[in-house]
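Each of the next two complexes has chain A plus one other chain: chain B in the first, chain C in the second.
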Partner chain A sequence: MKFIKIVTFDFMNIVRNPMLLIVNTLFPLILIGVMGFVMSSVFGGEGSMSFYDYYGIKMIIFTALLIAMTASNTFMEEKVKAGNTRIIYAPVSKTSIYLSKLISTYILGTISYSILIFILQYLFHLNFGGRNILYIILLINILCLFGCSLGTLFCCFFKCEEGANSTMQIPLFFFLFFGGVIFGVHRLGKFVAALTNLSPIKWVNECAIRIMYDNDFSIYRPVLAFLLIASIICIIACQIIFKPEEYV
Partner chain B sequence: MNTVVTVKNLEKSYNTKKAVDKINFIVNAGEILGLLGPNGAGKSTTINILSTILSPDNGEITILGHDLKKDINLIKQEIGIVPQDIAIYEEISTEKNVRFFASLYNLKGDQLNNQVKEALELVGLYDKRYDKPKTFSGGMKRRLNIACAIAHKPKLIIMDEPTVGIDPQSRNHILESIKILKKSGITIIYSTHYMEEVEEISDRIIIMNEGKIIAEGTKEELKQKVNDETTYYFNLDNLNNLNDKQFYKIDGVTKVKILKNTLEITMENSKDNINEIISVITSNNCRIENMGSKKASLETVFLELTGRNLRD
Partner chain C sequence: MNIINLFKNKLDRVLTKKPIIIVAMIVIPIMIGIAILFSSKPASKETIAFLSSNAQNLPQSSQFTVEVVDKKPTQGDLVLGKYVAIVEDKNDGNYKVTSFKSENDIKVIEDFFKSGKIPESYKGEDQIMAERGVGTNILGFILMILLMQGVALTIFFEEDRNIKTFRRILIAPVSEKEYLFSQGMFTFLCLFIPSYLAVTIITVCFKINIGFSFGMLALLIMLLCALATTFGLFMAAVLDSEISLVASGISMITCVLGGCFISFTDNNKVLNAICSIFPQKSYITMIHGIEKGSGILEFKGQFIYLLIWIVGLWLFGSFITNRKMKKGIY
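Take a look at the complex of A and B:
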């Protein structure tokens, strides 16, 4: 019960922060619109996959991973960190403290990205798998969970928002760049192509494209399993690393 | 008298540095225990251990009958912490702050409403309950910091420098609130840098230095420790003829200071030779315009015991 109270309170704290709200709601829409428009203007928009379709799924993946930054803000942003400190003194377990930040951010991401995908498919007619849309939503939601877990882990490790965010940018950049979110980096040579296999984003991207255009679910379960296992590893690491006294 | 806190052989080290070195003390029910010490004395470490957020290396601690090692959640349920850094949410209303933190102690319904109201009234913020703390002065934020710690009606409140950096009006308000809490039977551990606050509200005082307790007792008992000497001061019209050697010849004089217009002489209490001092002054054709004596204060006790000022 206390855990639910803290999660609800943390969720409301995110919603009260206009920046976090915009980054997780309007920002993906703007990103898709801008990228789709610019690329359509440069390369033309004919073919089975429009640039809006292409960047629709890629930018949703991009922002779903970047929710790691929202998680670190929820945990240690200046305005909420002071208040969060007092929770440590209350009779709640240390697991509740970091897990509530993770779950509240995940709930925001889940609601936001699910609504966005529905809007993009049914209002703006972008391809998110047609009747397979729920599979895409689940995939994005599990990626969001991974992002939240990663952000929380970095907070537990670095103990401050600044340190967590600045260091977290390195793996996030690696995942996104080699995941081919902006462009297909595998074209840069065999070595780079091999590196792309190390990015979970490459596999999420690949999985989504296969479902959306080929109705191919062959890597769906392995990708979900990988993201879930990676999330669980992050959470276990949080449990080991997080020491409330270092937060005070 | 019931004992609320018992600390035995408490030890805590950071790497090789001993922050707390085998300290023992008790806190009696209903008393205010003042914890004094300069920076690095081990006060905050002790408070963090008692607040259950820091584990001791060694020692036994019992709080309200519960073993700190085994019953952390039971202890947390019954204590209230006022941390040195203000621990509130600035972006939500004053009442929501208190309500949220109180709800973490299993309060709900009318009980929650009433206790939130009582806490806000006690710190004088009930009229500001819909305002956001970001609009508050430092003193008001500190008062809210206290309200958040007391709304669940703890039996023991641990306050770590709750008045640091605030205006006198807010400080007075906080001190009055603490006196009211004490009257209602709550036990308080109060750490501060302000000697006058300790003098005003504490029943007993513990002085820490370099991780150890160097003195403990009521303020009268502590003053007694350095009360072997009295310092007399004389405002004179002319100090040019005076020589400190003349005074050191008097039996019992331990210290002589000749300042711009004042002569200060410290003398052992057992040797009451004030008349001889006056004779020396008058024999040097000096007229005494004013005179008096200084009693030992907690500040002098502290200086005597630690060799440092409290704010060093």
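Take a look at the complex of A and C:
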């Protein structure tokens, strides 16, 4: 009961913060619009697949991973820190402190990205897998969970928002760069192509495109399993690293 | 004197902030390095999958590699960019081309298989990118990174307000313009020194021709850092929290629209006009011209426009700070 109360409170905190809401709702839409617009005016948009389709899934993956930033903000924002200190003194386990932030961010991600994908497919007529849309939503959902766990882990590690955010940028940048979401990196030579295999985003991207265009689910389960296991490892690491007494 | 004292204070305080130092001195140079190394190296040619029972005398081209396949690649392979097009041999001199590219590109590929030649005037995506020049591509990318980083380095302005030092500073005989100037000086130096060193060291070590002389490069990066600095100050003055998040979003979108990654002109005049408002557009036009051999004096218009943005953002920033101060917000 106590735990649910903390989660609700954290969730309301995110919702009351207009910037965090915009980043997870409007921002992906604008990004898809801008990328699609720019690319189709350079390369001509009359092909059988529009650039809006192409960048739709990529930018959703991009922003879904960046939810890690929202997680670190929910956890370590100046205003929240005071509240956290109170919870530390209260007779609740330390797990509930970081897990509540993780779960509240994850709930926000689940709601906003599911609605976004629905809107993009049925209102803007972008391709998100047609009948397979629910599988894509589940994939993005688990990616959000991974992002949230990563963000929380970095917060536990650095104990302040700016430290967490600025160091987190490094792995996120490498994941996104070598994941080929921003541009195709596989053509930069064999070595880079091998490096891309290390990025989870590459697999998420490939998995989503295989489902959407080939109806091919062969790497769906391994990718989901990998993301889940990675999230669980992050959460276990949080449990070990997070020491509330250092935090006061 | 005030400015120097404030500046010294910032230098002392930054030593306690290891993440900031790490990002400014290590991460940003690494990102710039990766950008330079990858954009100076030509990408491998795009591959066309050729489905044929008797493949002989494959057409040769400087733009495409033709690979003979036994099994038809899937649509997913096309989307993932493994192949740019699938060509099926109908054995009667005709070819069926499947591709997500535009009608025109498909026509060119079909003719390429029929006649073995690609029209001289045809430009693929890589040619369009290469025409911009290596230096322009690199500086366009650096522009986006530095715009984000400029906001991150304006951290002390935000911190001073949060811990109420800002109020105390302004009670002393220091104007908010002086304060912003010293903060700007700090941000500018932390942006300029690592990024300029990174660019020069990497281009010298790897013998990459970036298309600018070192003096010109210094001037261009200085201009870019000044823009990033005043943008950071302005954003920090306007917003109270989530400054870095919002500024990253804004710089990402305006950089794409301003043509930092790819130059574009749309047929729609209104949209074009909107895009050319962004200072990024003038900057890219200017560096593209300079890389192609024109002197900087030919771009007086763009240069002045950029200066107006730089000074304007600084003045607006201090104006807003002043007004907030009078309202007693800080």
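One rule holds for everything that comes next: the second predicted complex is superposed on the first by the 247 of 248 C-alpha atoms of A that agree within 3 Å, B and C clash if a C-alpha of one lies under 4 Å from a C-alpha of the other, contacts with A are read in each partner's own complex, and residues count from 1 in each chain.
Just so we're on the same page, contacts are C-beta pairs under 8 Å (C-beta built on N, C-alpha and C of every residue); 3 or more make two chains touch, one makes a residue touch a chain.
Note that this is a predicted model, so its numbers are computed, not measured.
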Should the superposition on chain A be reported as showing a clash between chain B and chain C, or a fit? fit
May I ask you to decide whether A:Phe177 touches chain B, chain C, both, or neither, giving the answer as first, second, both or neither? second
Touch check for A:Pro244: first (chain B), second (chain C), both, or neither? first
Of chain B and chain C, which one contacts the greater number of residues in chain A? C
Which partner does A:Leu20 contact after superposing on A: first (chain B), second (chain C), both, neither? second
Output check: A:Ala64 vs chain B and chain C. Expected answer is one of first, second, both, neither. What do you get? neither
If we overlay the two complexes on their shared chain A, which of chain B and chain C does A:Cys155 touch? Say first, second, both or neither. neither
So, does A:Arg187 touch the first partner chain B, the second partner chain C, both, or neither? second
I want to verify one number. Taking the Cα centroids, what angle sits at chain A between chain B and chain C, in steps of 10 degrees? 100
So in the superposed three-chain picture, is A:Lys2 touching just chain B, just chain C, both, or none of them (first/second/both/neither)? first
After the superposition, what is the least C-alpha distance between chain B and chain C in whole angstrom? 10
What is the shared patch of chain A, the residues that chain B and chain C both contact? none
Complex interface listing, chain C residues touching chain A: 17-20, 22-23, 27, 31, 34, 38, 41, 43-44, 46, 74-76, 78-82, 99-105, 125, 128, 152, 155, 162, 241-242, 244-246, 249, 252-253, 256-257, 262-267, 271
Any idea which chain A residues touch chain C in the complex? 17, 19-20, 23, 27, 30-31, 34-35, 37-39, 41-49, 54, 69, 73, 77-78, 158, 162-163, 165-167, 169-170, 173, 177, 180, 184-189, 192, 205-206, 209-210, 212-214, 216
Under the touch definition given earlier, write down the residues of chain B that touch chain A in their complex. 48, 51-55, 73-74, 76-77, 81, 83, 85-92, 97, 100-101, 103-106, 148-149
In the complex, chain A touches chain B at residues 2, 5-6, 9, 13, 16, 79-80, 82-83, 85-92, 244-245, 248
